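Next, two complexes with chain A in common: one pairs it with chain B, the other with chain C.
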Partner chain A sequence: MSWLRGPRRNELFWAFLFLLPLLWTLGVAFAYAFFRALWWSFCDYDLFASPKFVGLANYAKLFADLHFLKALFHSLSFAVIVTFTQTFLALLLAIALNQKIRGLTFFRAAFYTPSILSSVIVGLIFIWFTYRRGVVNFLLTVARNYYPYFLSFLGLVIVMQSTLVLWGRKRGFPVRAFDPVYLWISLFVGGVGAFFLGHFRLIQPKSMPPVDIIWLETAEKFLGIPRPLWAIMALNIGTTVPTMMLFFLAGLQDVPRELYEVAELDGASWWAKLWYVTIPALRPVMFLVITLGLIGTLQMFDQAAITSGVAPLDSVITLAYYVYWNMFGAGGLPRVGMAAAAAIFLAVLTLVVVLIQRRVGIGEKAW
Partner chain B sequence: MKRLILLVVSAVLAFSAFGQEKIIIRIAGHSVDKPVKEALIRDVVAPKLPPNVEVVFEPVVDDYKQWLLTMLAAGTPPDIFYVDVYWAEEVVKTGRVRALDEFLAKSEILKKEDLIPVLVDAFTVDGKLYAISKDFNSLVVFFNKDMFDAKGVPYPSADDDWFTFWDKVRRVHNPPEWVGICLNPDFARFLPFAFAAGMPFLNPDGTAPFARPEAIAAAEWFSAPIRAGFGATAADLGVGWPGAAFVEEKAAVVIEGGWLIPPIREGAPLMKFGTTFLPTFGGRRGNYLFTVGYGMPVDEILPSKRPDLVWKVIELLTSPEAQSYILSIGHAIPSRAALLSHPVLASPADPFQEAMRTVFIATGLPGTVPFSFAPVGSIYHVAVAEALTKIFTGELSPAAAMQEAAKKLNAELKR
Partner chain C sequence: MTEQRQVDQAWFARRRRAKAAFVYAFLGAMALAVVGPFIYAVFSAFKVNPLEWPPSLNIPRLWPPNWVSAWNLGIQAGNNGWLGGWAPGRALSLDVVFFYPPGVEGDLRVEILRPTGRGTYQPPDPQPVTHVEIENVEEHHGPEGYEKTFRITLRNLGTQTYPVLPLAVVGPPNSRFLRATLAPNSVRGLGTTAYWDNLVSGVLGYIFSYFIQAWTEFRDRLGNPIFPRWVRNSFIIAIGKVIVALLFAPLAGYALARLRFPGRNLLFFLVMFTMMVPQQVTFISNYVLLRDGLFGISRLFGRDSLLNSYWALFLPALVSSLGVIMMKQFFESIPVELEEAARIDGAGIFRIYTRIILPMAKPALAVLAILTFQGSWNEFFWPLVVLRDMEMFTLPIGLLFFRQYYGAAGGANWNLILSGTVISAIPVIIVFVLFQRHFVEGFRLSGIK
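Right, the complex of A and B next:
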């Protein structure tokens, strides 16, 4: 133990002292709580009478409970769909925001805003937006009634842009298909053209009845998953993509510039650079994003809790909400044993899913 | 010398602190009650207590029952807490709420005969009384007189049955300015009508009663405004609850309780409105009694350790002066029988007092039951609520939805 003498020992002592607050918090809030929950998952307890040991009965009852099975299905599908979509979108966004374009700082700040808002407040606003006569249905109605305008605008832009590009190439200039200057001209012509088409009544807005999709107060399913859960998925993706985008942006800064230069020397196109250089170099960040995404989505609670006031319980229940519902929601005294068993199950499930992902999916070593 | 003076002064100060031991009694209530309760404590309760006793109101912003159960489990409840009839039995079953019969027997100010009998029954579990009701409420029909006059429709009255009532609402429906009725798929509004139609709480064999023809008929009747188009839900009108639709004059009729009176007073003080009892079916009328009472924890976990003082505060909070104060601000109907002859209730002077009188009389009518789902619990009304939501959105027909609710409740009851 000679290494434990002298200055080394001093260092260890101070290290321990500085770590003590964190260890204390971890110990009380995590270790003690975890082991107590583990103990209670093997008991029948209602917070008032003393706990009675019942072995694995709670776990057996879990799998016989329809609410739990629904919650399990919802949590797994939510985790898979949301993690996949948000990783993909975050990557796209990060690559887009890594270019040297004007107003970059503004766009980065603007796109990051949804993540910093409180999820409870965003959830409440989301409920208002998805009322039958709310903003979402209103926008869909506008889109449905004004689609002739959109189509003609798009058509004019395409026609104008192709004309300009072909004309430029005919004159011998190497014009790109999406040349910015020509694109601005085409957009302007398209906008003015669509406006005049409408003005002279060559195209008219349709007057179809308003879109009346019920987003939350329904139990209807789409592809086997309840519609309220799809709405919550959209909300979750919108608010988590910016945070993941930040991770990717940071990762992109670390990609060595030499790799890009070598690729360009070999004549790689924009797409080839993305696929063969950027994405492989981002593997550690992608591993982080996917793992954090899986953990966060498996434990989704706040949005389910907020929408449980308007949507039926069985349409938005997730594993985390199932734990809460057993403690406080179901009426009667708290079913602490069931809640604890479900919580332990959720913890083990999260660990298993992350380990599987690491083995089978994206690993943490860079290329 | 200086040290001696210092010693003497500090000794005097130390001993003076022991002379008058300060006792703090904590009342925990809903945060919306804060202004009323603090005024009550200041004006009515504090003057009658010894000077070293301080009564403090602590607002609770969370779900109250959840908070209370947690506090009782942890052994740190307040001295006085609210007990809502909706979850009274649950909380009493924890074994941590004190029975109040012995205090009532010894009290000089408050006697069991002083309280309205149905309110005593609401808080009696296994023969013992666990809370003193502080006020109560029930459902009545609120209607906007100007809208009925504009359409030339006679006002809803106590003689209306289900069919004449909907007929009047259909005739007063005036899109796009106002709808006939603002109605949510709320089990607390639907169940009184189902009971009036003859649906029992549970079938005699203990199974769910929702598939009975009376229940389905009630569901068809209750959802008629939404399905036929002469009514709308609160969300469709862009408000948070039907009361707001009434105050903002978007609906001619709503079914609410006395809690709608303060919002009308604040938001539309000049509105000409009237109130009447719920319509009958076959001569039968149903209603729910909503009531909240004051309870105290058992002596072992009572924080102030002075049950006698805590009881005194409860007595003062339910005293005639306190209840008179509450009645005059239209908050809720008091629980002391003597206040029924208070001028506000006996000869009302304005629509607000008339409304309170209607609510009070409605509570005493036959067919009124306490708003409680013991011993089945919340699974009962969750099944009904989901059925109502599906009927209101047109997903299922009333018959199919009620049958599904019956199946769901039976499955849960077997657990």
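Right, the complex of A and C next:
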């Protein structure tokens, strides 16, 4: 077999050459860095004096550090709430909108906008929107002052729709409660009706003082989670749901029609079809979406760093930001040991969460 | 109970169309909710105060009659309607209308003051040598008081052309500014004082004044504008990274996809694994690595530390895991027969790679280039760690600094922050519009962002 040796060695040589840049990145910027961080997490080190081995002291100090405990709580709740909510909402929307959609390119372009722009742009606009006299509070003020309009609109729509549906059924049409043709008519009537009620002063906007919710510059909490973090969660969910919905929609288009037809032959209800056909078919997509969502949200850094200029540190700190803060943000010498310990902790946490998710089996393995 | 009527195809078709209309309306509303804030931010970059309450879409800079006035003033001041400038000997006049309640008397006072980025006013540099004439040209009496129209004529008595002519028109106490030929930039002092940033800006200078201010006003110690430097840094780094990625990622991807060598699966697993480990783990060591000049190698080239340089942004992550995975998947998808045929013809591995593989990989390389450009343009964490001097900042870091500087509690100049934001978004938007298909492809390959 000596004739193999020449070409084989040749291939090995080229493979090594081709992989050289990757080996540099993996070896030095990743593996070496990983093990150095691991080593420093057992050391007392400030970037200047040489590292002193202190055993597990840094890890013990972490769990005595209030900032760390807050960061841990924030990261975990952020990951769970955001991943769960965005997956659920995206799935719901995809199922509701499931049909052949023409002109999807246009909507896709719109939905991708927040993803292609930098997190700083999104974050700055977010800060500007959530000022005390910002757009968010303005919209809330409008909603509060115009609630008579919304209520009468809603009332008119309900009355109109029920009338139309009852009338349609009386004439013997198989009309559903949310019959789309009638619903358009009802919405139109409701809108025109609310306009004229306002025009003839039968209803009037309230003039209550502006909504004064302080979104970022506050340490207040809601359900144990600081309000600024809730705001960041809402931002994340709002910017991710549309793109995620597109993923689910693409997954739904791939479900074979025959499956539904067979289910219908067996007399399956809408719910049964959803539960036994649609959801299982979406499992691979769901797995991918949840895994990447969990990793991304657990390691959330950008929004915490960007809003920490406005919001109090304790209200937005996350594990990733805690690491950075120990290196550069805390004042005084960098606490490399603490930063490294927290970073290793974050890496292990990510691994554990992803493994648990795999074991619990929300969705099947897609790759 | 009426009996079920037999309905025809058309009845169901109407239902389907109405439902489709709901789907499109909903998608449209969603698109508006996602894009709306960005569009509103672009409009607000033209506002005097983007934090106004209530927020409105009444934006003088985007109101065409003001463009005409700005053009006319530019012509009067120096025959340049587009860019303005105040030539020696030229005079320009501006009509302002003030409201005088009963009992209020007195003339206007005119001062030449320039706004600073932090909400205060100071004389411009150079201070124009000016002759000012104020003439009361019209009076309207009403039940509550009277409206006085003044014509302010300014003549350049100096010998040079001034690029900027700011103006503050101060009415007597309790009077109120109503309107002027050119809408002022701000009205303060309980309505008695109207400020113009620049009367001789010309149309372009008028419309884009905050963009120009954001671009030029903020300067480094040597007096050079700093924003263009940030744009330049971002471009150099993004283009450099694209080149590096195009060189190295396909090499590694090809080796992992086609070449046989021991430990191939382990290596690929390691690449996948790096995607899961947070950057926060590796950045500490990489920071120290660059500070020590890559094991001291940089000392050979006369540098103690590579921090705060372009090198710092390139060297640690020469090849991105995502790029390698993408390229590997692509190479695995093309049929192996071509290579085998070439190999039988006696072509070497490198020759096959450059002559056969790379030309076929053009679409994948386009995706790689675009995603790399976008990723580098938006990169936040690593530049934040290694860049210390303002001159070295990339746009995201610079914008964050902009917010701290201009958005501080006292003088919130959000129009400048938003202008900077808009400028920094333009390249990525252009790339996205041109190559939307590739983006979608890339997002699909990379899972989700």
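Following the convention adopted for this analysis, the second predicted complex is superposed on the first by the 312 of 367 C-alpha atoms of A that agree within 3 Å, B and C clash if a C-alpha of one lies under 4 Å from a C-alpha of the other, contacts with A are read in each partner's own complex, and residues count from 1 in each chain.
The rule we apply is simple: a contact is a pair of C-beta atoms (placed from the backbone, for glycine too) under 8 Å apart; a residue touches a chain by one contact, two chains touch by 3 or more.
The structure displayed is predicted, hence computed values, not measured ones.
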Which of chain B and chain C A:L346 touches, first, second, both or neither: second
First, second, both or neither for A:T243, with chain B first and chain C second: second
First (chain B), second (chain C), both or neither touched by A:Y131: both
Chain B versus chain C as contact partner of A:G172, first or second or both or neither: second
Touching partner for A:P21 - first (chain B), second (chain C), both, neither: second
First (chain B), second (chain C), both or neither touched by A:F153: neither
Partner chain in contact with A:F78 - chain B first, chain C second, else both or neither: neither
Between chain B and chain C, more extensive residue contact with chain A: C
Touched partner set for A:L47, first chain B, second chain C, both or neither: both
Contacts of A:L333 with chain B and chain C, given as first, second, both or neither: first
Overlapping contact positions on chain A, where the chain C interface meets the chain B interface: 47, 131, 133, 328
Residue ranges of chain B in contact with chain A within the complex: 63, 66, 69-70, 72-73, 87, 90, 93-96, 235-236, 238, 373, 377-379, 382, 386, 389-390, 393, 395, 411
Residues of chain A touching chain C in the complex: 8, 10-12, 14-16, 18-19, 21-22, 24-26, 28-34, 36-37, 40, 47, 96-97, 99, 101, 105-121, 124-125, 127-129, 131, 133-135, 138, 141, 169-174, 179-181, 183-184, 210, 238-239, 242-244, 247, 288-289, 292-293, 295, 299, 301-302, 305-306, 309, 319-320, 323-324, 327-328, 336, 339-340, 342-344, 346-347, 350-351, 354
Residue numbers on chain C that touch chain A, as the complex places them: 2-5, 7, 11, 14-15, 18-24, 26-28, 30-31, 33-35, 37-38, 40-41, 44, 50-51, 53-55, 247-248, 251-252, 254-256, 259-261, 267, 270-271, 274-289, 291, 315-319, 324, 348-350, 353, 374, 377-381, 384-385, 395-397, 399-400, 403-404, 407, 414, 417-418, 421, 424-425, 428-429, 432-433, 436, 439-440, 443, 447-449
Of chain A, residues touching chain B in the complex: 47-48, 66, 131-133, 214, 217-220, 310, 312-314, 328-334
